[in-house]
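Next up, some structures in C-alpha coordinates.
Two complexes, one shared chain (chain A), two partners (chain B, chain C).
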Partner chain A sequence: MNTTTVSGTFTATLDSLGSIRKFISDSGRTLGLDSGKTYKLSLAVDEIATNIINHGYTESGIKNGRIDITVSSDDKVFSVTLEDTAVPFNPLESKIPDEAALSIPLEQRTIGGLGIMLARENVDEFRYHFSKGKNINTFCVNLK
Partner chain B sequence: MSFSVKTETFDNVAKLTLTGELDSSTAPQLMEEINKVIPQRPSELVMDFEQLDFMASAGLRVIIFAKQKLGTAAKLFMVKPQEQVLETLRMTGLIYSVTIVEHYPE
Partner chain C sequence: MNVIYTTAGNILIIAIEGSIDSNTAGDIQVNLYERVAEATNVLLDLSEVDFVSSAGLRMLLLIYRQIKSRNGKVILSGVSDEIKDIMALTGFINFFEIFQNKADALNSF
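Now for the complex of A and B:
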(Lines of atoms letter the chains of each structure in order from A and count residues from 1; the text may use other names and numbers.)
(Lines give C-alpha, C1' and ligand atoms only; values in the text may rest on other atoms or scores of the structure.)
Protein backbone atom coordinates (compact mmCIF):
# COMPACT_ATOMS: atom_id res chain seq x y z
CA MET A 1 0.00 0.00 0.00
CA ASN A 2 1.38 3.40 -0.95
CA THR A 3 1.43 6.18 1.58
CA THR A 4 2.07 9.78 0.62
CA THR A 5 2.95 12.41 3.22
CA VAL A 6 3.18 16.19 2.89
CA SER A 7 4.16 18.58 5.71
CA GLY A 8 3.98 22.31 6.30
CA THR A 9 4.64 24.77 9.12
CA PHE A 10 2.48 27.81 9.70
CA THR A 11 2.82 30.79 12.03
CA ALA A 12 0.05 30.76 14.61
CA THR A 13 -1.77 33.90 13.49
CA LEU A 14 -5.29 34.28 12.11
CA ASP A 15 -3.76 35.47 8.84
CA SER A 16 -2.47 31.92 8.35
CA LEU A 17 -5.95 30.37 8.26
CA GLY A 18 -6.38 30.94 4.52
CA SER A 19 -2.96 29.39 3.79
CA ILE A 20 -3.74 26.45 6.06
CA ARG A 21 -7.01 25.78 4.23
CA LYS A 22 -5.27 26.12 0.88
CA PHE A 23 -2.61 23.63 2.01
CA ILE A 24 -5.34 21.15 2.97
CA SER A 25 -7.36 21.64 -0.19
CA ASP A 26 -4.32 21.50 -2.51
CA SER A 27 -3.14 18.30 -0.81
CA GLY A 28 -6.66 16.88 -0.95
CA ARG A 29 -6.94 17.58 -4.66
CA THR A 30 -3.51 16.06 -5.38
CA LEU A 31 -4.22 12.96 -3.32
CA GLY A 32 -7.67 12.28 -4.71
CA LEU A 33 -10.09 13.58 -2.10
CA ASP A 34 -13.37 14.80 -3.62
CA SER A 35 -14.32 18.47 -3.32
CA GLY A 36 -17.13 17.91 -0.78
CA LYS A 37 -14.92 15.96 1.62
CA THR A 38 -12.09 18.44 1.05
CA TYR A 39 -14.32 21.35 2.07
CA LYS A 40 -15.49 19.56 5.23
CA LEU A 41 -11.93 18.61 6.16
CA SER A 42 -10.72 22.19 5.56
CA LEU A 43 -13.53 23.47 7.77
CA ALA A 44 -12.70 20.99 10.55
CA VAL A 45 -9.01 21.90 10.44
CA ASP A 46 -9.80 25.62 10.27
CA GLU A 47 -11.89 25.42 13.45
CA ILE A 48 -9.20 23.64 15.48
CA ALA A 49 -6.43 25.86 14.09
CA THR A 50 -8.50 28.92 15.06
CA ASN A 51 -8.83 27.57 18.60
CA ILE A 52 -5.11 26.86 18.83
CA ILE A 53 -4.27 30.38 17.59
CA ASN A 54 -6.84 32.30 19.67
CA HIS A 55 -6.97 30.32 22.91
CA GLY A 56 -3.89 28.13 22.92
CA TYR A 57 -1.36 30.77 21.97
CA THR A 58 -2.68 34.36 21.89
CA GLU A 59 -4.84 34.39 25.04
CA SER A 60 -2.16 32.44 26.89
CA GLY A 61 0.46 35.03 26.00
CA ILE A 62 2.66 32.58 24.12
CA LYS A 63 4.46 34.40 21.32
CA ASN A 64 5.88 33.13 18.03
CA GLY A 65 3.66 30.06 18.09
CA ARG A 66 3.64 27.63 15.21
CA ILE A 67 1.37 24.92 13.93
CA ASP A 68 2.96 21.97 12.16
CA ILE A 69 0.65 20.21 9.74
CA THR A 70 1.15 16.79 8.21
CA VAL A 71 -1.15 15.43 5.55
CA SER A 72 -0.98 11.77 4.77
CA SER A 73 -2.91 9.48 2.50
CA ASP A 74 -3.00 5.80 1.67
CA ASP A 75 -5.56 3.81 -0.28
CA LYS A 76 -8.19 4.02 2.44
CA VAL A 77 -7.72 7.03 4.67
CA PHE A 78 -6.77 10.66 4.21
CA SER A 79 -5.49 12.12 7.46
CA VAL A 80 -4.32 15.49 8.73
CA THR A 81 -2.33 16.00 11.92
CA LEU A 82 -1.91 19.37 13.64
CA GLU A 83 0.85 19.73 16.23
CA ASP A 84 1.29 22.76 18.43
CA THR A 85 3.07 23.72 21.64
CA ALA A 86 0.28 25.92 23.00
CA VAL A 87 -1.48 25.21 26.31
CA PRO A 88 -2.98 21.70 26.45
CA PHE A 89 -6.52 21.63 25.12
CA ASN A 90 -8.54 18.53 24.38
CA PRO A 91 -11.44 19.29 22.00
CA LEU A 92 -12.97 15.91 22.86
CA GLU A 93 -13.65 17.17 26.39
CA SER A 94 -15.62 20.19 25.14
CA LYS A 95 -19.35 20.08 25.50
CA ILE A 96 -20.94 20.34 22.08
CA PRO A 97 -24.54 21.43 21.52
CA ASP A 98 -27.06 18.59 21.23
CA GLU A 99 -30.07 18.45 18.91
CA ALA A 100 -32.30 20.25 21.42
CA ALA A 101 -29.81 23.08 21.88
CA LEU A 102 -29.41 23.45 18.11
CA SER A 103 -33.14 23.86 17.56
CA ILE A 104 -33.45 26.76 20.01
CA PRO A 105 -34.25 30.02 18.18
CA LEU A 106 -31.14 32.11 17.59
CA GLU A 107 -32.43 34.89 19.84
CA GLN A 108 -32.20 32.57 22.84
CA ARG A 109 -29.07 30.69 21.98
CA THR A 110 -25.78 30.95 23.74
CA ILE A 111 -22.94 31.35 21.32
CA GLY A 112 -20.46 28.58 21.90
CA GLY A 113 -19.36 25.09 21.06
CA LEU A 114 -20.20 25.37 17.37
CA GLY A 115 -16.59 25.43 16.18
CA ILE A 116 -15.59 22.29 18.06
CA MET A 117 -18.78 20.62 16.86
CA LEU A 118 -17.98 21.45 13.23
CA ALA A 119 -14.44 20.13 13.70
CA ARG A 120 -15.57 16.82 15.14
CA GLU A 121 -18.57 16.18 12.94
CA ASN A 122 -17.10 17.04 9.54
CA VAL A 123 -14.60 14.19 9.54
CA ASP A 124 -15.02 10.44 9.96
CA GLU A 125 -12.71 10.31 12.94
CA PHE A 126 -11.23 12.96 15.21
CA ARG A 127 -8.49 12.13 17.73
CA TYR A 128 -6.55 14.15 20.28
CA HIS A 129 -3.61 13.39 22.47
CA PHE A 130 -0.98 15.34 24.36
CA SER A 131 2.57 14.07 24.09
CA LYS A 132 6.01 15.54 24.85
CA GLY A 133 4.61 19.05 25.36
CA LYS A 134 2.56 18.98 22.18
CA ASN A 135 -1.14 18.99 21.41
CA ILE A 136 -1.72 16.52 18.60
CA ASN A 137 -5.05 16.78 16.78
CA THR A 138 -5.74 14.21 14.08
CA PHE A 139 -8.52 14.27 11.48
CA CYS A 140 -9.30 11.22 9.36
CA VAL A 141 -11.47 10.98 6.27
CA ASN A 142 -12.33 7.63 4.72
CA LEU A 143 -11.60 7.66 1.01
CA LYS A 144 -14.18 5.01 0.18
CA MET B 1 -7.32 35.15 1.20
CA SER B 2 -10.01 37.57 0.39
CA PHE B 3 -13.31 38.56 1.84
CA SER B 4 -15.49 41.56 1.17
CA VAL B 5 -18.92 42.70 2.17
CA LYS B 6 -21.09 45.24 0.41
CA THR B 7 -23.96 46.84 2.30
CA GLU B 8 -27.11 48.38 0.84
CA THR B 9 -30.02 49.71 2.85
CA PHE B 10 -33.43 50.54 1.44
CA ASP B 11 -36.84 50.93 3.10
CA ASN B 12 -36.60 48.68 6.15
CA VAL B 13 -34.18 46.29 4.53
CA ALA B 14 -30.45 45.89 5.05
CA LYS B 15 -28.80 43.78 2.37
CA LEU B 16 -25.26 42.51 2.78
CA THR B 17 -23.50 40.82 -0.12
CA LEU B 18 -20.66 38.58 1.02
CA THR B 19 -17.82 37.53 -1.25
CA GLY B 20 -14.91 35.18 -0.54
CA GLU B 21 -14.01 33.36 2.63
CA LEU B 22 -15.49 34.11 6.04
CA ASP B 23 -13.28 32.86 8.86
CA SER B 24 -11.91 34.16 12.16
CA SER B 25 -9.61 36.61 10.40
CA THR B 26 -12.34 38.12 8.20
CA ALA B 27 -15.41 37.86 10.49
CA PRO B 28 -14.56 41.25 12.13
CA GLN B 29 -15.25 42.91 8.75
CA LEU B 30 -18.75 41.44 8.71
CA MET B 31 -19.24 42.38 12.37
CA GLU B 32 -18.34 45.98 11.54
CA GLU B 33 -21.04 46.12 8.83
CA ILE B 34 -23.60 44.44 11.10
CA ASN B 35 -22.86 47.01 13.79
CA LYS B 36 -23.54 49.78 11.26
CA VAL B 37 -26.95 48.42 10.22
CA ILE B 38 -28.27 47.40 13.67
CA PRO B 39 -29.04 51.00 14.78
CA GLN B 40 -31.26 51.38 11.68
CA ARG B 41 -33.46 48.58 13.07
CA PRO B 42 -34.13 46.89 9.71
CA SER B 43 -37.16 44.59 9.69
CA GLU B 44 -35.42 42.36 7.15
CA LEU B 45 -31.73 41.50 7.11
CA VAL B 46 -30.71 39.95 3.82
CA MET B 47 -27.38 38.22 3.36
CA ASP B 48 -26.45 37.31 -0.18
CA PHE B 49 -24.28 34.19 0.10
CA GLU B 50 -24.00 33.29 -3.56
CA GLN B 51 -20.34 34.37 -3.80
CA LEU B 52 -19.42 33.16 -0.32
CA ASP B 53 -17.04 30.23 -0.81
CA PHE B 54 -16.28 29.34 2.80
CA MET B 55 -17.80 29.98 6.21
CA ALA B 56 -16.41 28.92 9.58
CA SER B 57 -18.10 29.18 12.99
CA ALA B 58 -16.73 32.72 13.36
CA GLY B 59 -19.22 33.71 10.64
CA LEU B 60 -22.06 31.84 12.33
CA ARG B 61 -21.38 33.74 15.54
CA VAL B 62 -21.75 37.08 13.75
CA ILE B 63 -25.08 35.94 12.26
CA ILE B 64 -26.33 34.77 15.68
CA PHE B 65 -25.19 38.08 17.19
CA ALA B 66 -27.09 40.02 14.51
CA LYS B 67 -30.30 38.05 15.07
CA GLN B 68 -30.05 38.52 18.82
CA LYS B 69 -29.58 42.29 18.45
CA LEU B 70 -32.41 42.68 15.92
CA GLY B 71 -34.88 40.55 17.85
CA THR B 72 -37.64 38.14 16.85
CA ALA B 73 -39.55 40.68 14.74
CA ALA B 74 -36.71 40.98 12.24
CA LYS B 75 -36.56 38.38 9.48
CA LEU B 76 -33.27 36.98 8.29
CA PHE B 77 -32.92 35.93 4.65
CA MET B 78 -30.03 34.10 3.04
CA VAL B 79 -29.77 34.23 -0.71
CA LYS B 80 -28.36 31.22 -2.56
CA PRO B 81 -25.86 29.73 -0.11
CA GLN B 82 -23.47 27.27 -1.76
CA GLU B 83 -24.07 23.61 -0.92
CA GLN B 84 -21.28 23.26 1.63
CA VAL B 85 -22.21 26.49 3.41
CA LEU B 86 -25.85 25.34 3.45
CA GLU B 87 -24.74 22.06 5.02
CA THR B 88 -23.02 24.01 7.81
CA LEU B 89 -26.24 25.97 8.41
CA ARG B 90 -28.11 22.65 8.66
CA MET B 91 -25.57 21.01 10.93
CA THR B 92 -25.60 23.91 13.38
CA GLY B 93 -29.37 24.44 13.36
CA LEU B 94 -29.11 28.01 12.03
CA ILE B 95 -31.30 26.86 9.18
CA TYR B 96 -34.29 26.86 11.58
CA SER B 97 -33.96 30.58 12.16
CA VAL B 98 -33.32 31.85 8.64
CA THR B 99 -35.22 31.81 5.37
CA ILE B 100 -33.23 30.46 2.45
CA VAL B 101 -34.23 32.05 -0.85
CA GLU B 102 -33.14 31.94 -4.49
CA HIS B 103 -33.68 35.66 -4.97
CA TYR B 104 -34.46 38.68 -2.87
CA PRO B 105 -37.07 40.09 -3.13
CA GLU B 106 -38.57 36.63 -3.63
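Now for the complex of A and C:
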Protein backbone atom coordinates (compact mmCIF):
# COMPACT_ATOMS: atom_id res chain seq x y z
CA MET A 1 0.00 0.00 0.00
CA ASN A 2 1.38 3.40 -0.97
CA THR A 3 1.25 6.20 1.55
CA THR A 4 1.86 9.80 0.55
CA THR A 5 2.57 12.45 3.16
CA VAL A 6 2.69 16.26 2.85
CA SER A 7 3.47 18.67 5.72
CA GLY A 8 3.21 22.39 6.34
CA THR A 9 3.72 24.81 9.24
CA PHE A 10 1.43 27.79 9.80
CA THR A 11 1.56 30.81 12.07
CA ALA A 12 -1.20 30.55 14.66
CA THR A 13 -3.06 33.71 13.62
CA LEU A 14 -6.54 34.00 12.15
CA ASP A 15 -5.17 35.26 8.83
CA SER A 16 -3.59 31.81 8.34
CA LEU A 17 -7.04 30.18 8.08
CA GLY A 18 -7.28 30.82 4.33
CA SER A 19 -3.85 29.29 3.66
CA ILE A 20 -4.61 26.33 5.93
CA ARG A 21 -7.80 25.57 3.96
CA LYS A 22 -5.93 26.00 0.68
CA PHE A 23 -3.25 23.56 1.89
CA ILE A 24 -5.97 20.99 2.72
CA SER A 25 -7.85 21.46 -0.55
CA ASP A 26 -4.70 21.42 -2.71
CA SER A 27 -3.53 18.24 -0.96
CA GLY A 28 -6.99 16.71 -1.31
CA ARG A 29 -7.06 17.45 -5.03
CA THR A 30 -3.55 16.06 -5.58
CA LEU A 31 -4.23 12.92 -3.56
CA GLY A 32 -7.58 12.14 -5.14
CA LEU A 33 -10.14 13.20 -2.52
CA ASP A 34 -13.43 14.27 -4.13
CA SER A 35 -14.48 17.91 -3.89
CA GLY A 36 -17.42 17.35 -1.52
CA LYS A 37 -15.30 15.46 1.01
CA THR A 38 -12.48 18.00 0.59
CA TYR A 39 -14.86 20.86 1.44
CA LYS A 40 -16.11 19.12 4.59
CA LEU A 41 -12.59 18.24 5.68
CA SER A 42 -11.42 21.85 5.14
CA LEU A 43 -14.35 23.04 7.26
CA ALA A 44 -13.54 20.57 10.06
CA VAL A 45 -9.87 21.63 10.06
CA ASP A 46 -10.79 25.35 9.90
CA GLU A 47 -12.98 25.03 13.01
CA ILE A 48 -10.33 23.26 15.11
CA ALA A 49 -7.56 25.58 13.86
CA THR A 50 -9.73 28.59 14.82
CA ASN A 51 -10.14 27.14 18.32
CA ILE A 52 -6.41 26.52 18.69
CA ILE A 53 -5.60 30.07 17.54
CA ASN A 54 -8.26 31.89 19.59
CA HIS A 55 -8.48 29.84 22.78
CA GLY A 56 -5.33 27.75 22.80
CA TYR A 57 -2.83 30.48 21.99
CA THR A 58 -4.24 34.04 21.94
CA GLU A 59 -6.49 33.94 25.05
CA SER A 60 -3.81 32.05 26.96
CA GLY A 61 -1.24 34.70 26.15
CA ILE A 62 1.09 32.30 24.33
CA LYS A 63 2.93 34.23 21.63
CA ASN A 64 4.46 33.10 18.33
CA GLY A 65 2.33 29.97 18.25
CA ARG A 66 2.43 27.58 15.32
CA ILE A 67 0.29 24.81 13.95
CA ASP A 68 2.01 21.92 12.16
CA ILE A 69 -0.19 20.14 9.67
CA THR A 70 0.47 16.75 8.14
CA VAL A 71 -1.71 15.32 5.41
CA SER A 72 -1.39 11.69 4.53
CA SER A 73 -3.21 9.35 2.24
CA ASP A 74 -3.14 5.66 1.45
CA ASP A 75 -5.59 3.61 -0.62
CA LYS A 76 -8.32 3.76 1.99
CA VAL A 77 -8.02 6.76 4.28
CA PHE A 78 -7.13 10.42 3.83
CA SER A 79 -6.01 11.91 7.13
CA VAL A 80 -4.98 15.30 8.47
CA THR A 81 -3.11 15.85 11.73
CA LEU A 82 -2.84 19.22 13.49
CA GLU A 83 -0.17 19.59 16.16
CA ASP A 84 0.16 22.60 18.43
CA THR A 85 1.83 23.56 21.70
CA ALA A 86 -1.07 25.67 23.01
CA VAL A 87 -2.90 24.86 26.27
CA PRO A 88 -4.29 21.30 26.29
CA PHE A 89 -7.80 21.17 24.87
CA ASN A 90 -9.75 18.05 23.99
CA PRO A 91 -12.58 18.82 21.53
CA LEU A 92 -14.09 15.39 22.28
CA GLU A 93 -14.88 16.58 25.81
CA SER A 94 -16.85 19.57 24.57
CA LYS A 95 -20.59 19.37 24.85
CA ILE A 96 -22.10 19.65 21.41
CA PRO A 97 -25.68 20.77 20.81
CA ASP A 98 -28.23 17.92 20.67
CA GLU A 99 -31.30 17.77 18.44
CA ALA A 100 -33.44 19.66 20.96
CA ALA A 101 -30.88 22.50 21.18
CA LEU A 102 -30.68 22.68 17.38
CA SER A 103 -34.42 23.15 17.02
CA ILE A 104 -34.59 26.13 19.40
CA PRO A 105 -35.59 29.27 17.46
CA LEU A 106 -32.59 31.39 16.52
CA GLU A 107 -33.89 34.28 18.65
CA GLN A 108 -33.29 32.24 21.82
CA ARG A 109 -30.27 30.20 20.87
CA THR A 110 -26.81 30.28 22.32
CA ILE A 111 -24.29 29.96 19.55
CA GLY A 112 -21.63 27.96 21.42
CA GLY A 113 -20.50 24.53 20.38
CA LEU A 114 -21.33 24.76 16.68
CA GLY A 115 -17.69 24.92 15.55
CA ILE A 116 -16.66 21.78 17.43
CA MET A 117 -19.82 20.08 16.21
CA LEU A 118 -19.04 20.94 12.58
CA ALA A 119 -15.49 19.67 13.06
CA ARG A 120 -16.54 16.34 14.53
CA GLU A 121 -19.46 15.66 12.20
CA ASN A 122 -17.85 16.53 8.87
CA VAL A 123 -15.26 13.75 8.93
CA ASP A 124 -15.57 9.98 9.30
CA GLU A 125 -13.36 9.88 12.36
CA PHE A 126 -12.02 12.55 14.68
CA ARG A 127 -9.36 11.76 17.30
CA TYR A 128 -7.55 13.80 19.94
CA HIS A 129 -4.62 13.07 22.19
CA PHE A 130 -2.08 15.06 24.16
CA SER A 131 1.49 13.86 23.97
CA LYS A 132 4.87 15.39 24.82
CA GLY A 133 3.39 18.84 25.37
CA LYS A 134 1.42 18.79 22.14
CA ASN A 135 -2.27 18.73 21.27
CA ILE A 136 -2.71 16.28 18.42
CA ASN A 137 -6.00 16.51 16.51
CA THR A 138 -6.54 13.94 13.75
CA PHE A 139 -9.23 13.96 11.09
CA CYS A 140 -9.86 10.87 8.91
CA VAL A 141 -11.93 10.61 5.76
CA ASN A 142 -12.64 7.26 4.11
CA LEU A 143 -11.76 7.37 0.44
CA LYS A 144 -14.36 4.76 -0.59
CA MET B 1 -13.64 38.89 1.18
CA ASN B 2 -15.71 41.73 -0.26
CA VAL B 3 -19.07 43.01 0.89
CA ILE B 4 -21.20 45.07 -1.46
CA TYR B 5 -24.17 47.01 -0.11
CA THR B 6 -26.95 48.15 -2.44
CA THR B 7 -30.60 48.97 -1.95
CA ALA B 8 -33.74 48.18 -3.93
CA GLY B 9 -36.63 50.25 -2.54
CA ASN B 10 -36.68 49.50 1.20
CA ILE B 11 -34.60 46.35 0.87
CA LEU B 12 -30.94 46.34 1.87
CA ILE B 13 -29.03 43.93 -0.37
CA ILE B 14 -25.81 42.59 1.09
CA ALA B 15 -23.72 40.64 -1.42
CA ILE B 16 -20.74 38.84 0.06
CA GLU B 17 -17.86 37.55 -2.06
CA GLY B 18 -15.22 35.09 -0.86
CA SER B 19 -14.88 33.01 2.30
CA ILE B 20 -16.59 33.71 5.62
CA ASP B 21 -14.35 32.42 8.40
CA SER B 22 -13.32 33.74 11.84
CA ASN B 23 -10.79 36.03 10.24
CA THR B 24 -12.92 37.62 7.52
CA ALA B 25 -16.11 37.75 9.66
CA GLY B 26 -14.17 39.81 12.19
CA ASP B 27 -13.05 42.21 9.46
CA ILE B 28 -16.53 43.02 8.18
CA GLN B 29 -18.76 42.74 11.22
CA VAL B 30 -18.64 46.32 12.56
CA ASN B 31 -19.65 47.82 9.25
CA LEU B 32 -22.14 45.04 8.54
CA TYR B 33 -24.03 45.37 11.84
CA GLU B 34 -24.18 49.16 11.50
CA ARG B 35 -25.83 48.76 8.10
CA VAL B 36 -28.19 46.05 9.30
CA ALA B 37 -29.18 48.17 12.32
CA GLU B 38 -30.78 50.67 9.94
CA ALA B 39 -32.62 48.09 7.82
CA THR B 40 -35.91 46.25 8.12
CA ASN B 41 -35.69 44.06 5.04
CA VAL B 42 -32.43 42.35 4.20
CA LEU B 43 -31.48 40.22 1.24
CA LEU B 44 -28.21 38.42 1.83
CA ASP B 45 -26.79 37.20 -1.45
CA LEU B 46 -24.25 34.40 -1.05
CA SER B 47 -23.84 33.49 -4.76
CA GLU B 48 -20.13 34.39 -4.64
CA VAL B 49 -19.40 32.82 -1.26
CA ASP B 50 -17.25 29.70 -1.51
CA PHE B 51 -16.87 28.86 2.18
CA VAL B 52 -18.78 29.41 5.43
CA SER B 53 -17.61 28.27 8.88
CA SER B 54 -19.37 28.56 12.23
CA ALA B 55 -18.19 32.20 12.24
CA GLY B 56 -20.43 32.73 9.21
CA LEU B 57 -23.33 31.02 10.95
CA ARG B 58 -22.82 33.31 13.93
CA MET B 59 -23.00 36.26 11.54
CA LEU B 60 -26.26 34.94 10.04
CA LEU B 61 -27.67 34.48 13.54
CA LEU B 62 -26.85 38.05 14.58
CA ILE B 63 -28.32 39.52 11.39
CA TYR B 64 -31.45 37.38 11.82
CA ARG B 65 -31.93 38.50 15.43
CA GLN B 66 -31.49 42.18 14.65
CA ILE B 67 -33.98 42.11 11.81
CA LYS B 68 -36.54 39.89 13.57
CA SER B 69 -36.50 42.17 16.61
CA ARG B 70 -37.91 44.87 14.31
CA ASN B 71 -40.35 42.45 12.68
CA GLY B 72 -38.39 42.65 9.47
CA LYS B 73 -37.53 40.01 6.94
CA VAL B 74 -34.24 38.28 6.09
CA ILE B 75 -33.96 36.32 2.87
CA LEU B 76 -30.97 34.43 1.50
CA SER B 77 -30.13 33.83 -2.13
CA GLY B 78 -27.46 31.90 -4.02
CA VAL B 79 -26.73 29.48 -1.17
CA SER B 80 -24.45 26.64 -2.32
CA ASP B 81 -25.21 23.01 -1.46
CA GLU B 82 -22.22 22.94 0.89
CA ILE B 83 -23.54 25.93 2.84
CA LYS B 84 -27.06 24.44 2.87
CA ASP B 85 -25.55 21.26 4.35
CA ILE B 86 -24.07 23.05 7.35
CA MET B 87 -27.26 25.10 7.78
CA ALA B 88 -29.19 21.81 7.87
CA LEU B 89 -26.76 20.16 10.28
CA THR B 90 -27.04 23.07 12.72
CA GLY B 91 -30.80 23.58 12.40
CA PHE B 92 -30.39 27.04 10.83
CA ILE B 93 -32.09 26.12 7.58
CA ASN B 94 -35.60 26.00 9.09
CA PHE B 95 -35.48 29.67 10.05
CA PHE B 96 -34.45 31.19 6.73
CA GLU B 97 -36.23 31.64 3.44
CA ILE B 98 -33.80 30.68 0.72
CA PHE B 99 -34.13 31.48 -2.98
CA GLN B 100 -32.08 30.19 -5.87
CA ASN B 101 -31.34 33.63 -7.29
CA LYS B 102 -31.42 37.28 -6.33
CA ALA B 103 -34.31 38.22 -8.63
CA ASP B 104 -36.69 35.65 -7.12
CA ALA B 105 -35.60 36.66 -3.63
CA LEU B 106 -36.29 40.34 -4.33
CA ASN B 107 -39.76 39.51 -5.65
CA SER B 108 -40.67 37.72 -2.43
CA PHE B 109 -40.44 40.79 -0.17
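The rule is simple: the second predicted complex is superposed on the first by the 144 of 144 C-alpha atoms of A that agree within 3 Å, B and C clash if a C-alpha of one lies under 4 Å from a C-alpha of the other, contacts with A are read in each partner's own complex, and residues count from 1 in each chain.
Methods note: a contact is a pair of C-beta atoms (placed from the backbone, for glycine too) under 8 Å apart; a residue touches a chain by one contact, two chains touch by 3 or more.
Since this is a predicted model, take the numbers as computed values, not measurements.
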Looking at the overlay on chain A, is there a clash between chain B and chain C, or do the two fit? clash
Quick one: classify A:133 as touching chain B (first), chain C (second), both or neither. neither
Tell me which partner A:18 touches in the superposition: chain B (first), chain C (second), both or neither. both
Check the residue A:61 against both partner chains and state whether it touches chain B (first), chain C (second), both, or neither. neither
For A:103, select first, second, both or neither according to whether it touches chain B, chain C, the two together, or no partner. both
Residues of chain A that sit at the chain B interface in one complex and at the chain C interface in the other, please. 14-15, 17-18, 21, 36, 39-40, 42-43, 46-47, 50, 53-54, 97, 102-107, 109, 111, 114-115, 117-118, 121
Touch list for chain C against partner chain A, complex: 19, 21-23, 26, 51, 53-55, 57-58, 61, 64-65, 68-69, 82, 85-86, 89-92, 94-95
In their shared complex, chain A is touched by residues of chain B numbered 1, 21, 23-25, 54, 56-58, 60-61, 63-65, 67-68, 71-72, 76, 83-84, 87-88, 91-94, 96-97
Provide the residue numbers of chain A that touch chain C in the complex, in ascending order. 14-15, 17-18, 21, 36, 39-40, 42-43, 46-47, 50, 53-54, 97, 102-107, 109, 111, 114-115, 117-118, 121
Which positions of chain A touch chain B when the two form their complex? 14-15, 17-19, 21-22, 36, 39-40, 42-43, 46-47, 50, 53-54, 97, 101-107, 109, 111, 114-115, 117-118, 121-122
